[in-house]
Amino acid sequence: MKPSLINATIPLDQDGVHHGFLQLPHSRDESAWGLMMIPLTVIQNGEGKTALLTGANHGDEYEGPIALQELALTTRVEDVSGRLIIVPAFNYPAFRAAKRTSPIDGGNLNRAFPGSPDGTITQKIADYFQRHLLPLADVAVDFHSGGKSLEFLPFAAAHILDDKALEQQCFAAMEAFNAPHSVQLREIDNAGMYDTAVEEMGKVLVTTELGGGGTSTARSNAIAKRGLHNVLIHFGLLQGKMERQPSTLLTMPDDGSYHFSTGEGLIEPMVDLGEAVATGDVIARIWPVDRTGVTPAECKAKSDGLVIGRHFPGLIGMGDCIAVVGVPSD
Amino acid sequence: MKPSLINATIPLDQDGVHHGFLQLPHSRDESAWGLMMIPLTVIQNGEGKTALLTGANHGDEYEGPIALQELALTTRVEDVSGRLIIVPAFNYPAFRAAKRTSPIDGGNLNRAFPGSPDGTITQKIADYFQRHLLPLADVAVDFHSGGKSLEFLPFAAAHILDDKALEQQCFAAMEAFNAPHSVQLREIDNAGMYDTAVEEMGKVLVTTELGGGGTSTARSNAIAKRGLHNVLIHFGLLQGKMERQPSTLLTMPDDGSYHFSTGEGLIEPMVDLGEAVATGDVIARIWPVDRTGVTPAECKAKSDGLVIGRHFPGLIGMGDCIAVVGVPSD
Amino acid sequence: MKPSLINATIPLDQDGVHHGFLQLPHSRDESAWGLMMIPLTVIQNGEGKTALLTGANHGDEYEGPIALQELALTTRVEDVSGRLIIVPAFNYPAFRAAKRTSPIDGGNLNRAFPGSPDGTITQKIADYFQRHLLPLADVAVDFHSGGKSLEFLPFAAAHILDDKALEQQCFAAMEAFNAPHSVQLREIDNAGMYDTAVEEMGKVLVTTELGGGGTSTARSNAIAKRGLHNVLIHFGLLQGKMERQPSTLLTMPDDGSYHFSTGEGLIEPMVDLGEAVATGDVIARIWPVDRTGVTPAECKAKSDGLVIGRHFPGLIGMGDCIAVVGVPSD
Amino acid sequence: MKPSLINATIPLDQDGVHHGFLQLPHSRDESAWGLMMIPLTVIQNGEGKTALLTGANHGDEYEGPIALQELALTTRVEDVSGRLIIVPAFNYPAFRAAKRTSPIDGGNLNRAFPGSPDGTITQKIADYFQRHLLPLADVAVDFHSGGKSLEFLPFAAAHILDDKALEQQCFAAMEAFNAPHSVQLREIDNAGMYDTAVEEMGKVLVTTELGGGGTSTARSNAIAKRGLHNVLIHFGLLQGKMERQPSTLLTMPDDGSYHFSTGEGLIEPMVDLGEAVATGDVIARIWPVDRTGVTPAECKAKSDGLVIGRHFPGLIGMGDCIAVVGVPSD
Amino acid sequence: MKPSLINATIPLDQDGVHHGFLQLPHSRDESAWGLMMIPLTVIQNGEGKTALLTGANHGDEYEGPIALQELALTTRVEDVSGRLIIVPAFNYPAFRAAKRTSPIDGGNLNRAFPGSPDGTITQKIADYFQRHLLPLADVAVDFHSGGKSLEFLPFAAAHILDDKALEQQCFAAMEAFNAPHSVQLREIDNAGMYDTAVEEMGKVLVTTELGGGGTSTARSNAIAKRGLHNVLIHFGLLQGKMERQPSTLLTMPDDGSYHFSTGEGLIEPMVDLGEAVATGDVIARIWPVDRTGVTPAECKAKSDGLVIGRHFPGLIGMGDCIAVVGVPSD
Amino acid sequence: MKPSLINATIPLDQDGVHHGFLQLPHSRDESAWGLMMIPLTVIQNGEGKTALLTGANHGDEYEGPIALQELALTTRVEDVSGRLIIVPAFNYPAFRAAKRTSPIDGGNLNRAFPGSPDGTITQKIADYFQRHLLPLADVAVDFHSGGKSLEFLPFAAAHILDDKALEQQCFAAMEAFNAPHSVQLREIDNAGMYDTAVEEMGKVLVTTELGGGGTSTARSNAIAKRGLHNVLIHFGLLQGKMERQPSTLLTMPDDGSYHFSTGEGLIEPMVDLGEAVATGDVIARIWPVDRTGVTPAECKAKSDGLVIGRHFPGLIGMGDCIAVVGVPSD
């Protein structure tokens, strides 16, 4: 396979706090010999584990970039044992465009792994992480939220894996993150995900869904920051004492969790995030946008549980996800 | 002045529940002889006052359209004394496009009054309300929220007016609406506003800011529906008993309420909606989007009070409104 | 009023065949000091009437431009008595863009009269015709077809006017045109129309609807060419013998002619252009585009007559004109 | 090869009339966890052959979707012996956008076979038909028309194949379809075509060109519906008697059938669809769009025959197909 | 007339160096309560004249913004006698978009005077300068270059005016600017120009054309900076000694200076900027873009002189300005 | 591998001057059965070498297309010994759009080799040259300039190759071209380049950078024409005497030649093309675009030498190439 055209402007393996960029050639109409420059901070202090910390895998999700900008700015080299590799805006072009996917090639970075060194920009970024950064890491924290089209109850997540030893490490890291809710996920279709790339390399992955709607709040950012510190303390990378708060463990039954719209219109939520629903309850109504006097369509809950995710924009399209119902694990 | 080219497909002055449209010719590339059809419901029962009820004056604000769709569908003629004229999507093209302004002519309907019968589509809509619907009304309720770029604590509002008799009626209607917060507004620049058009005609206006972000919730819709019923009961248009809950009266001092960004970047809110700030507190920080290791800019509160409005998207531009601070009135 | 910035590169009042342009400054991002150049031919031979001949008033209608290009190319000065002013592409930017309206300013030229010398490009063109070309003319022929969104049975038309003497001249010219169908039109809303500008100046106007769909055929072009020659012979501008064919006179009753869609979907015409319908017949059905197994909406004829116009594209939107029903006059 | 992410919401193999969708995940900026839902009807009654019936392979061709919507709505289970799999909008995103190709990925579905389960949306659709639906079928009917840029005399077609036994079945099915014209086609470049996918699997394919211009008519839809019923009766899937009308067999000689434009301009057709031309006849003239007084370019027939296809829009570009000339087979 | 909604964030009439903004409300889809902020520096020291200094009247012209940014940064209050009002980016939205005209409303600021307080953004900027800033000024320097579509020999210019006393002051200021070339201009169409607004108020105006192509060079910026200093010294606003270099006076005869393209294609300049041409010389050739083997069109000089302006992009459109020929004045 | 769908409308191997096209099917929404037609001239006279001559590999570079249009038009068959294959617009869609890359598929032709017969349009063009035209050639001349985003001192270039015999032939051809400057290049990343495709086939390649900014001048075109004639004489393809002028040999040290922007803003060049810089000299300053009173960022030279390339547009983005510094050899 060809070498990656990406290189870092700072050393990845020297003690100290280094701020720089991942650079990749991006020849385009506006800049024939231009570079794309993805912000990068590496903080290393002696031997120890390596954490690879990423935000904005989807470009319209903001808790990760904020928590990681703060970490990169405020962490002193003496706070660390080992190495932090911090990339606040993983899919950088998407982040700059405030979009889920890359405006350059339409790429969903979380479906682009393992990537390719001579593919699209998104594939080149994936390839560099696959072949150059992930091999350096022991643990990866990848921050997600709902983005502009979805909103979630804040939760940390880890995957149910065939490798049960790794699974246990991931669950432990998720618990350390200590978000208000925690979810053990089984992905139906994990092809191309960064998560899968991390786990197949035998590394620990923690991921999150911390809010959504294309915004963040003081509260959601606090969850991200606390979780990040807790995980880094858990792995011995930072010193200090974990802040612990109650966290609810949730599961998502395969069938009945996901509710999709079979029409389009003006969506009226009948239950808010975090509220309980019973099977058959109306979760949302869909009103027509072009006339009055017509009874709205109803979306009814297919299972008992809590609404842990919901459609965010005021209008909804056919096939859009209306709500996700999770079940508290006791 | 020329006659309006808009006409209603249903009678405006006959007893009964009528669902129809405001029709206006809209010749365009895609439809040479096409009409625009704005949904309209008129419910009349005998003599009485007339309420003109509008949502989606800005097309990305959803509590109004939802409350009005429900009112239009569920109100029986015998529930009414007088007349309800219901237009759930006032700037209909903007509503269909999920945008604040019209995708056809860029028009901000709330700056387009008194409009013009031979102007743009937005101006034609304004003109029809100015000359044909408003003269029929005694009271107008116009629903607003923050839209995609702002989010508000839910409040109803009425304007401080030179005509103190009218002002008192407006304040009384605002109180009847009974949102969790109520605001007495003094507009700096009210030129072209629908509000001004209503008030200058000597009619009562109630307006709101009920949420924002381009979404709605079960909770924000409930506030809209309750407020709408309360106001209609207040004016004798509907029978029944008003639902009352505690409401906080807020004022916005001219100076110190509005906080604007003097740079662009990734916004980190340091205080959430509804929380108290003291003068000098950091309301938000603005991180750079293109590099790490740089101290963020800070936006500090210019007055004591509650955060009653905030910038919604995760990125912020120069000159965008970061926050609005209101002062509880005692 | 300011002088027009448009000038002709050829003389308008000298004997001979002159090919040139109407030039107007069009400063824009792509060409700071650029000109727009609208093709123009003037053919003059001594004294006589003046005909002002225009195509592509709407830029996606093609019979006019073709008939006028041929006339400009093939007419010898000795064929003419008087003067022909030929503008094959009246709304030139719209014609180049193959659109009904101008891509520069969105202007519908046929709603832009009397125009303005310092308005948009469309308004400047209207103003130049209003103040400079129309005053030179005795008769104006303005070719129309259905454009991309409509299709018509081929007809020539003249307006029912208050000035009955002028009306008679217009009807006579329409008969001379001798399209397969002829229509006496009463415009509901004639504000801004070129037709109105011509007639208010006391000039004879003949207009047409010769086909549509954004195409032309050998047959529809032949109708345009024959009609054009006939009219010019009728006014003594060209010599020769008119070609006469049977023509049916049609009227459009105010009520019942126009059928608009009250929904959107996949349109299935149930009757073709030129076919007879009786009141209550299904003219078209509208199938949903997003599901199967649903009964289509029906559009039923509101009067007896012939289908003389129809919606062209395969999909239809709310408020689009489905069909126009005309009534043969006996 | 990976499994397809597409699944049907209804059973493909149970007796009865089932209306539903083909669902595929379509994560995008507007809907992070959204589905695309392609309408599908399956009608099965006991044992028998299976017909796979598709419209809108190119999204701007309408006879197929209309005939198939009607078939899906009106066919009773007891009318059928075997199974009908009906997909009125094969390239569904293209159909919704009224475009030949997909607005999502630019894909021409009829060049996308055999597709790929992890490619673009268009490739995913192709793959699902290739691996899941086509193997169930005995006969495929795929409706085409000229779309927005071409117009055809209505014909059914079957391919000249190396497998002469299959060819005979295809010719027989084409004759059963009984369009006004029938064409035995030899594709020059059949790579990626759905037709090729069908035939290489040893299944019978009937395809059509029934009109064009991005519209349909009562007449062209009647041809589609009659042909569809005839073919289904021919294969024993429906009962009843075929409606037969005269049909002309046409051939297209390799050389001389296709006429391409070597310039751009305003096209004037000199011969209409269905009319005869002799070698050297002028089929069309191309006038300049930017000046008058210039002799138009001429396109002359390269062979004797009938004009069976033509360029539709009023303007033409370099390399566009002006006309197709077919030769009646005696 | 309504008050302007624009206000300055810094005082316009206090001694010192003040950096700030002109602020105007710009409610739009992306920022409901947003402001536009146009950078502004005011440097005042006691009594004296006032100079109003503007760059980027057209947003793709760069010498002005660069010279004015440097002046704003480096001028000390003690260097000044009187007042400098510095606006490096006059049409600020156009400047940010690197376009001649505003991306918001398409406005060409230099055709928007006297503007309007409730018009488009461009009109609001013009109105504020017309009513608030120009009345404060004694002299205005407005920097221009060719922008992306034109390139000029560097020259300063002043207008031939009816007010001969003012004309002399303008000519003297132009000479003080001391660009390599100087041009006495007679505008054909000066309606709406900033220049006209300045001159009609009886103020001195100096304008320039210093280069073009959408770029600047060290050399063209040096001309701008030297000219700016010279003019400010000339009016006693700055102290110091003017730098003088030889300057050639040019005139543009009404007829024969401007050469426009009567076709479109690939432009081959045959003479470069600053070179002499004689009447009949080929200034440029226009090659076809779609074929080889065709003789190019030629544009021949209509007068003797120097090429002082030229079309910049490699392709040229109909009506574009190919070249401007000036005549050295002896 | 599949056969190419491209074919030439003229013979490639017959004596004479032939003007025609490379034709490739380009089915698209606007033209279902359309062809793309790339202009081509072949001039052959008996035995001899073959030169493959290409311009507009990047579509916004104009010296090549102009020199090759002239060569194709003016070369008589008797002037030639051997064969010239002339393609003035190699990436034809990019050339028509005045863009570096193809507007159809975003393809950078100079990164698309060896291409693919069933890939995108850009890949199909590359494949046809790779498999059909390059094998016919002995020498290839491929013209480049800076395009819209860069500007260069005019130079011809040849690559430092492992095959030293070929390298010598390339250097000799570069010297024959005799541009004002000559550069021996070592590409860091030559994957996908046309240059690499030529050289790996053992053919001689000469390439150039002759100016830029998206324009050409009489001077830059003269360099292209002279160089082209000299190279053809050098290879015995044309007769005559080479025009020789002094040429400076330049080298680009790996480190220190390329200067990239680490911010965005308004660029002020401090040194012009062709001027000398010493290490540490300020090459350019970057001013903010959104405020005044801020010290600009500086870009300092990393080596001594001449500025041989520079950023062209007036605004600059992060990662854009500010300048290239070359070192005169010996």
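We just call them A, B, C, D, E and F in the order they show up, numbering each chain from 1.
The rule is simple: a residue touches a chain if its C-beta (ideal position, glycine included) is under 8 Å from a C-beta of that chain, and two chains touch if they have at least 3 such contacts.
Just so it is clear, the structure is predicted and the values come from calculations on it, not from any experiment.
Fewest steps needed to get from chain E to chain F, stepping only to touching chains, is 1. Judged by contacting C-beta pairs, the busier of the interfaces A-B and C-E is A-B. Two copies of one sequence, chain C and chain D, touch each other mainly through matching residues, since over half of the numbers at the interface are common to both. Of all chains, the one whose CA centroid is most distant from that of chain F is B.
In this assembly, E is the chain whose CA centroid lies farthest from the centroid of chain D. By residue number, more than half of the contact pairs of D-F reappear in one of the listed pairs E-F, C-D or A-F, namely A-F.
In this assembly, the C-alpha centroid of chain D lies 58 Å from the C-alpha centroid of chain E.
If you average the Cα atoms of chain A and of chain D, the two centres end up 43 Å apart. Taking each chain's centre as the mean of its C-alpha atoms, chain C lies 50 Å from chain F.
Touching two or more other chains at once are residues 37, 60, 290, 313, 318 of chain A. Note for the complex: chain C touches chain B at residues 58, 60, 99-101, 108, 111, 146-150, 189, 191-192, 258, 260, 262, 313, 317-321. Taken together, the chain B residues at the contact with chain C in this complex read 2, 5, 23, 25-37, 118. On chain B, the positions that touch chain A within their shared complex are 17, 19, 21, 37, 39-41, 60-62, 65-66, 69-70, 72-73, 86, 88-89, 95-96, 98, 151, 213-219, 221, 266, 268-272, 275, 287, 289-296, 312-315.
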